[in-house]
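Below are structures written as structure tokens.
First chain A sits with chain B, and in the next complex the same chain sits with chain C.
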Partner chain A sequence: MNELRPMPLVKIVASLVLSAAFTVAGSAQDQAPDVGPHPNVGRSQMESQIGGIVGHSDSGRVKYDYVRYCAGCHGTRGDGNGENAAWLDPKPRDFTMATFKCRSTPTGMLPTDEDLFNTIGRGLVNSNMPPWNTFTRQQKADLVAYIKTFSPRWQKEKPGDPIPIPPEPPITIESISHGKYLFTKLECWKCHGPQGRGDGPSASTLTDSKDQPIRPYDFAESSKDSRFKCGTTNRDLYKIFMTGLDGTPMPSYADIIKPADAWDLVHFLRVLQVHRPGRENEILAAAHGEIPPYVEKPDGQKSQAQPAIRPPSGMGSE
Partner chain B sequence: MHWKKLYAAVFVIALCPAMTFAGSITGKVTYTGNPAKPHPIDMSREPSCKAQYRTPPVSETVVTGPGNTLQNVLVYISQGADDANPPAQAVTLTQKGCRYVPHVIALHTGQDLDVVNEDRTSHNVHPEPQVNREWNKSQPPGAAPIRVKFDQPEFILVKCNLHPWMRGWLAVLKTNHYAITGENGTFTLPDLKPGKYTITAWQEDYGTKTADVTITGNETKNVDFTFVAHP
Partner chain C sequence: MYIGTWSRRIRVTFCFSSVALVILLVLGEVQPAHALPAFARKYGLRCSACHESWPMLNYFGQKFKDNGYQLMNDRDSPIWQNPSYWPATFRITPIWHRVSTGKVLVDAYNTGAAIPSTSAITRVTSSGFDLSGLDFHTAGTLEKNISFYVLPSSDNAGNFHFETVMARLDNVLGTPWLNIKLGKFELDNLLSEKRILTLTGNGGIYQLYHFIPVGDGNIFGQIGDNQLGLELMGHSTNDRTRYSASILSSSDGQPGLVYGANSYSGFFTASQAFDVGKLGVDRIGGYAMIGDAPTQWLTSGGTPLGGTGIGNKSFHREGVVGQFYFGEHFDLQVVTQHGWDNAWFGQGYGDAIDIPGTLNNLPGTSLPIGSRAPTWNGVLVEPHYVYSPTLIFIGRFETIRMSQQATPGTPLNLGDITTYTAAVRYNPFMTSRAGFAWHNEYNWLHQDGTGPTLGLTPSNVNSSEFLTGFDFAF
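Moving on to the complex of A and B:
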């Protein structure tokens, strides 16, 4: 049995000093944590440039804004493990991976500052990320800079060059027809479904890069407000399939689709939004709801001719 | 006289690789225990792929051979080799019959990888790295090969989201000294200078095993690896 003896004063002082030192070390660790597969080595200050606005990751308010408005889902460490994350589907973005869906840059490349800035202001439809319209432009720019501190990738790599987008040609029943041909040929329907309802044969098996189930976009259901994950305009739609949504099953078609053809696909995707009032659906209505079949001439010229191309099995009857 | 000496020296140097790099490591990879039975893959959803098989193809996570041998195990020099430069020649990963051929492919950091689609269906090529850049590209039938490189050493799972059974591995290494075991589970790492080496065997489901080997000259060292299989 050990004898109980009063602790010498020296020991008491020493233990107090030690525990104080641990407390200090603990709080310092909270500020500069190590995260995920990218240890946050040298989590140095970052800047962002949005037009004439320069954002700073160490601006007076940004940490407050991040902790107050973002960390609940994205986590104080930026790893997507905020306290709400368990309840969310899809899961919040993990900033330590520096992989982003909505980019103007090619697949595999970092987004531009403006891409991130726009995502904050726009929110992500069909997720819990709302449009943060209450922030000033400066606040958003600072948050963009702050988000960039979570991955060392932002110090090592430059964002890609935005993909070129040629001017949109006129919407015609021919462009819609050719778009439909591409939708079939490029097998967009395998995930998005023959009618764009997000119910293609591969839809139920899809997972994102963190092995979380993910649903393909349902064009028909989402047609009320016509918002896409990464925007609302035809240009946004063009960007989505040419850049791909990194971190998700949606690949880039930039190497596959010629820019002119890409606009035709945009025009067809718009008619999948069956309830959306818009030029594409007006033109389809004027053609009595019939999309004429498209066949490719041997020389690659676009043409309208019979007979109809047969949709692959699984495409359904139309 | 002077020139003759030089020629002689050049001749001797030219012979050197054959003389000094003659060490090699060879061995066999086996398992103990009971590995999971490979399960047949139902490719009915992709008739053009299904038609390429007489019997349904099976999963390739663990491929065993006669005598408890393991196929598709990557064996490489993880320490001691000094080849910093990637080979100029590209390695090719082929999508055929809705599978990745080969199932495990190794390449050097910075080496070109060509991804080829030989199927009559689209694939999307979607590597899911943790330290390299993630990207995802569609590749319809007849499309040009996708040529890429990876900067950082990493074992990268590659997927096709259209065909969820498709899973392959890209082993990005800092060495050109590697081998992947074939049907009989054997491997050979040739052309090794004398020196101390650590060799690593990696099986996608069972993880890694390492061994230290010293090569002293023109010799072949035998190193076998045994993994503990689990169902």
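Moving on to the complex of A and C:
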């Protein structure tokens, strides 16, 4: 008869360790990325509509143009991993995410074809994306359609409607004063800095949606030609903070401030561009460079301009 | 007997050496280049973003150049670059080529004779491995809106000269319509010879840009040569509309005030591009060079003295330029030229400094009776088939026809040129770091009446060259 003997402790421990190891390994395998070469999945054909021009992602020229002009940074797969991407700051846009900074549509929505079209022609200041205004309108329209093939979002969702932009009210010292008040109240200065130099206390901690460090816009440095990331005009500036720059820490303020307040903020931001000749700085100069303090009234009405006093340290014009 | 054989060998060697020397000089003179991986490295763009095929610019590259080597994206100032970045690039091309020149006058020998008994005309063909010259480019921005370009260039024996040295104030007063360049630079030719896609001795230049009638002494009207001067240039933001006006020393780019005492030329261009939908952006424009250059020189011991040239006589060149794109693969570049030189140049007065024996228009000199201003017309047509940014097929046809000779009775076709060039360039990679092309080319050139004269009729010259090589820049 065989004698039933207890299992040695060593074997028990070994079994437990092996079991644990296989469990962990299995779990790790579940969490592991999809390694190996990706199959070359055919992308759906897309179109774009720019005024009377229809762009096609399968036009004879567009792939040629994309490879020639775009793929070095954005990658042949549109994932922002072109051969130059490692050297660029900020990183090229990842078209597979279909997240775009410059839009006329509410935050979280896809941009319109015209938004992408304008971005190609305008370029993105403070980045390596130049203005590709040498292309024909047809070339740009085709590229817009081609860019849309990189993400399935374009097949599932429709672009949002452009946000309404009311007419710009007159620029006054009161609107600048109120804008300055909002700049403080909304804590814009925490990123953009008290003087709009992009050196606020949070500036060094900011990252984009791909965890890449990102710098806030420096109004003072970039003021000479008045270019913002998404345009040059006051309307463009209004649009930036009412739509937000998706994929960056810059949120949309559409649900927080009223359109009239937004225009006041625009007027104040313009005076942060201290070297820019413009109506806002003329008005500020007429006020001897002093922004009168804004006094919030109980009924929400704007205050009248108060006798000029020196703005708080680090705020206002120089 | 031994001495005779040795003497014959020396003479044959001398003849071949002379031909080879001419070929080498021609090759040394036609350094194309000006593709700058340094720019691609700075901006992180592929070569193909700016070059239709390296080194020829596309429309975007032309705009980049017109902006003062700036993308206008606020990263143009060197302060944005890593301090170790230095915008330098070299380019050189090791090649194998076969050159065949018809109608070369050589000595003929009877068997065993030590002294040539007579002359003969023969074709000289030689082949072998060779080099181009070296271009060492450094260019970019010194500050936002101040750009520069310095290009020491050598022939294939390593003898350097300054091909380009210039600084440019870009976007003066904040407008792209005002850019001022000073130094030695390429004229604002829409079809740039410095970015030519061909490399052979005769095909590596545009004959139209360097044409000089037979017997003419005016070297100063060569629009393909970089010139010393001041250029005012402007363009629209998207570069659709361009103009330039330059005032140049009539020195053909030679520094040192070696020619005229007070001789200047002007070079003017204007062009407009059109959006033609699916075809692309096409451009048409015109150019004119109007100037004067000396014909009279002070002498010392009979030798003309540099910097003393007076007795300026005029010349002009003008033409139209078309750049026609037909979709993504095919384009056609067209340049025409009408040329006119003063009759004094036509009779051989002009550059007496470099060309010994050139006539000197000393006081009391008069032109031969009936002397006329030589005139000519020419056209070059250069089609490209860009299969992909890495593979391009190039063709070229050029013809130049004299419409009036300086001396009545001279055959009207004397000096006429017809040339064909075909080439294919393959770039195995396309990055922002370097450029490399496997280049293959054939050129055939025919010129009327410039061969040696046997009997009464001057002979025509046919030359050809096949070239293959690795053209690279880093």
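Operating definition for what follows: the second predicted complex is superposed on the first by the 262 of 318 C-alpha atoms of A that agree within 3 Å, B and C clash if a C-alpha of one lies under 4 Å from a C-alpha of the other, contacts with A are read in each partner's own complex, and residues count from 1 in each chain.
Keep this in mind: a residue touches a chain if its C-beta (ideal position, glycine included) is under 8 Å from a C-beta of that chain, and two chains touch if they have at least 3 such contacts.
Treat the numbers as computed from the prediction; the structure is a model and nothing was measured.
When the shared chain is aligned, chain B comes close enough to touch A:P249, but chain C does not. When both complexes are overlaid on chain A, the residue A:P164 reaches neither chain B nor chain C.
In the superposition on chain A, contact of A:T205 is made with chain B only, not with chain C. In the superposition on chain A, no contact is made by A:G52 with either chain B or chain C.
When the two complexes are overlaid on their common chain A, residue A:N84 makes contact with chain C while staying clear of chain B. Touch criterion met: A:N133 reaches chain C, while chain B stays clear of it.
Shared-chain residue A:V125: touches chain C; no touch with chain B. Once the two complexes are laid over each other on the shared chain, residue contacts for A:V67 go to chain C alone; chain B is not touched.
Chain B contributes residues 45, 47, 121-122, 124-126, 128, 130-131, 133-140, 143-144, 146, 161-164 to its touches with chain A in the complex. Contact residues of chain C toward chain A in the complex are 43-46, 48-49, 59-60, 63, 71-75, 174, 237-239, 275-278, 280-281, 327-328, 388-389, 431-432.
Within the complex, the chain A residues that touch chain B are 37-38, 97, 99, 107-109, 157, 185-187, 190-191, 201-202, 205-206, 209, 244, 246-256, 313-314.
For chain A in complex with chain C, the residues that touch the partner chain are 59-61, 64-65, 67-69, 71-73, 83-84, 87-88, 123-139, 222, 225, 227.
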